[in-house]
Amino acid sequence: MRFVRRAWILAWKDLTIEWRAKETLNSLFFFALLLIFLFQFALGPDRERLSAALPGLLWLGFILSGLLGLGRTFAGERDNDCWDGLRLAPGEKSAIYVGKLAGNLLLMLAVEAIFLLLFGVFFDLDLVAALPGLALVVGLGTLGLAAVGTLFAAMTAHVRARELLFPVLLLPVEVPVLLGTVKATEAVLLGEPLGSVAHWLKLLAVANVIYLTIGVLTFDVVLDG
Amino acid sequence: MWFSTGSRGLTRVLGWLAALGLLAGLVLALGVAPREVSQGNVQRIMYLHVPSILTAYLAFAIVLVASLGYLVSRRQAWDRWAGSAAEIGTLFTGLTLASGSLWGKPTWGTWWTWDARLTATAVMFVTYVAYLMLRGMIDEAERRAQLAAVLGILAALNIPLVHFSVLWWRTLHQPPTLLRPVPAALAGIFRLTLGVNWVAFTLLFAYLLAKRIRVGRLSEAGLP
Amino acid sequence: MPDHPATPEHWGFVVAAYGLAAIVLGGYWRRLVRLEREATAKHDRRPAPPGTATPR
Amino acid sequence: MKDATELLVHVAGLRKAFGATLVLDDVSLSVRAGETVALLGANGAGKTTLLRILATLARPTRGTAVIAGFDCVREPERVRERVGLVAHGTLIYEDLTAEENLRFWRVLSGGRALAADLREALAAVELEPYAGERVRSFSAGMKRRLSLARVVLARPQVLLLDEPFAGLDQRGKKWLEEYLHAFKAGGGAIVMVTHSFGRQLSVADRIAILGGGRIALDRPRPSVTADELARLYALHTEDAP
């Protein structure tokens, strides 16, 4: 129906522009590679010592690249001076939130897939076995990041020091998602059944419901700037 | 809002009440209450630590309600309540962390322990510092009120999520420490001291809130 | 000090905690008083703009 | 032909303040179907602010702004369905093609992006040959025309124009004049902010001058000769904040 069409056209616009310019996609892939090296140099090559911290490192990489990607959600509107256009287009403003969120999700999942591949190679991880569980955890965690990230990107779109304010706003709020995803990933990588981290998965699900609800209900106020 | 419509007399009374309460609380906490058997004197910090966090929770509850109030009515008064309560709430959260750390050093030998309750308080602290930074970075009053309201709601609803995630994150390794609000077997005098301090802190909070709201209203009063 | 206490007195930490609270809260209160005085002065001196509207 | 007496734009007692500065004090303005008002005023007199309020992009401190019977503050979405705003920003994505830009805004506004409609709108502003080219390669004049095509496609009832002829190339100016006359004939109301007293005013039925935060003058255009207008303009705008 109309809501979906409007959300879709927005996601289509962002992904088309991204596909043509490829500025965010390429830089985030490269950023992921750099992070892998950074972890190695910072924590030493000794694989044994690193293996305990792997889930944490993985999600640290996801969050850092996520911050970069999410921070640019409304860069296109800013550069092309189209912010008012989004406000002028009649219809539910939450459709814009959903469209932008979908675009961000796809972008982040693409980068995270590459990150996982690199992680598998550099840290000799058997990802195939853990894939189904990992996919669920990464999906829930990324949605949690993107749901709040997209909202905060709109809030800080016109603030002077937004590059500083955006991470400062997002990271404290995402602590539950960070704790949940790292713990769940740890269990998945150790091959434990998902049941052992059911409570963490529930927490992530509840968090996502809260974040998405607030995002949808308050986006027209946030866009109103 | 009767509270903030310049009833200066009431605010001054509140101020004196708070001062008296704090004095009574201090005398009780440092003098009257006996030295707690197992933890020793350092347990007296509890009479400061617990009321601080309880007052902080009250403040952030007000931020939530005021933020919702603003979004519904778009009246600036609600935003002043949210901003003022958040500022003072963050102050009390900071005090909670400081007193927790001062309590931890003699008890644990370290200034900071990733105890579930302290960690949750620390996350709440940085969240609301970020809230204050957001308010500080937006000049236009209406825009600031709108965005602060959204964050005020999200931050408040996030507190239980933070609480549980930190609790599970810590409990699997180490049971929550004795920093429970009211240790079960608290004799009457301990309970009284804690109660008086809690009331005193709440009065102090109300007094500071009234004053902060007045400052906010006066500095914006010139605007049509 | 009465009998030899099983645990050290740690009065230093207790005083530090209450002292810090007093300094922080006292400082904030003094700042509020100063701000209030300035705002009141500025408010009284400011000529009310033509037809000052009640807050919307 | 829409009922000529229907009030499409009604502004009453409008005030807008940014912080302590009062930009609009007590503005009242009415525009009927088929009527065009040219809004003159010094820089900073609040012309653009008034347009932004009518376009639901800014909220008045006091007073009401009603478009086609819908209040701009209480029912912004209804107003947005009926208003076309052409302002300094061209609202165009440079990495999309001309046609893609039109499709995006059309669908985002809840409409159906039929290729025929898009091509027709592009043809109207003589940009059809460039439909598939990215806007980044367009000249400033072409971008302005694409921006106008976006508004034409939405078929608004009320046009809010902020210096519409500025930045347009010759071809664009000619086309815009024809379009405005056709739009008026179709029963649309126009509020046009402009600085020039020249030929562009020919489309205006009334001339209003915004000065001192209120409508200082509102007279039918034919009743005002060019030099008289210049004198009145100077008179009413020297006290603009």
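For clarity, chains are labelled A, B, C and D in written order, and residue numbers in each chain start from 1.
To be clear about the criterion, a contact is a pair of C-beta atoms (placed from the backbone, for glycine too) under 8 Å apart; a residue touches a chain by one contact, two chains touch by 3 or more.
Note that the structure is a prediction, hence the values are computed from the model and not measured.
Taking the mean of each chain's C-alpha atoms as its centre, the chain lying closest to the overall protein C-alpha centroid is A.
Across the assembly, the mean Cα position most removed from that of subunit C is the one of D. A straight line joining the Cα centres of subunit A and subunit B is 32 Å long.
Note: centroid distance subunit A to subunit D, computed from Cα atoms, is 40 Å.
A straight line joining the Cα centres of subunit B and subunit C is 14 Å long.
Multi-chain contact residues of subunit C (touching two or more other chains): 49, 53, 56.
Shown for subunit A are the residues that touch two or more other chains, of which there are none. Taken residue by residue, subunit D touches two or more other chains at 15, 17, 20, 22, 61-62, whereas all remaining positions touch fewer. Residues 26, 29-30, 35, 39-42, 44-45, 48-49, 52, 74-77, 88, 91, 94-95, 98-99, 102-103, 105-106, 204, 208, 211-212, 214-215, 218-219, 221-222, 224 of subunit B are the ones that touch subunit C when the two sit in their complex. Residues 5-11, 13-14, 16-18, 20-21, 24-25, 28-29, 32-33, 35-36, 39-40, 42-43, 46, 48-49, 51-53, 55-56 of subunit C are the ones touching subunit B in the complex. Contact residues of subunit A toward subunit D in the complex are 2, 5-6, 9-10, 12-13, 16-17, 20-21, 76, 80-82, 84-91, 96. Here subunit B touches subunit A in the complex through residues 71, 123, 126-127, 130, 133-134, 137-138, 143, 146-147, 149-151, 153-155, 157-158, 161-162, 164-166, 168-169, going by the rule given at the top.
Per the touch definition, subunit D reaches subunit A in the complex via residues 55-57, 77-78, 80-81, 83, 85, 87, 89-96, 100, 103-105, 107-110, 134.
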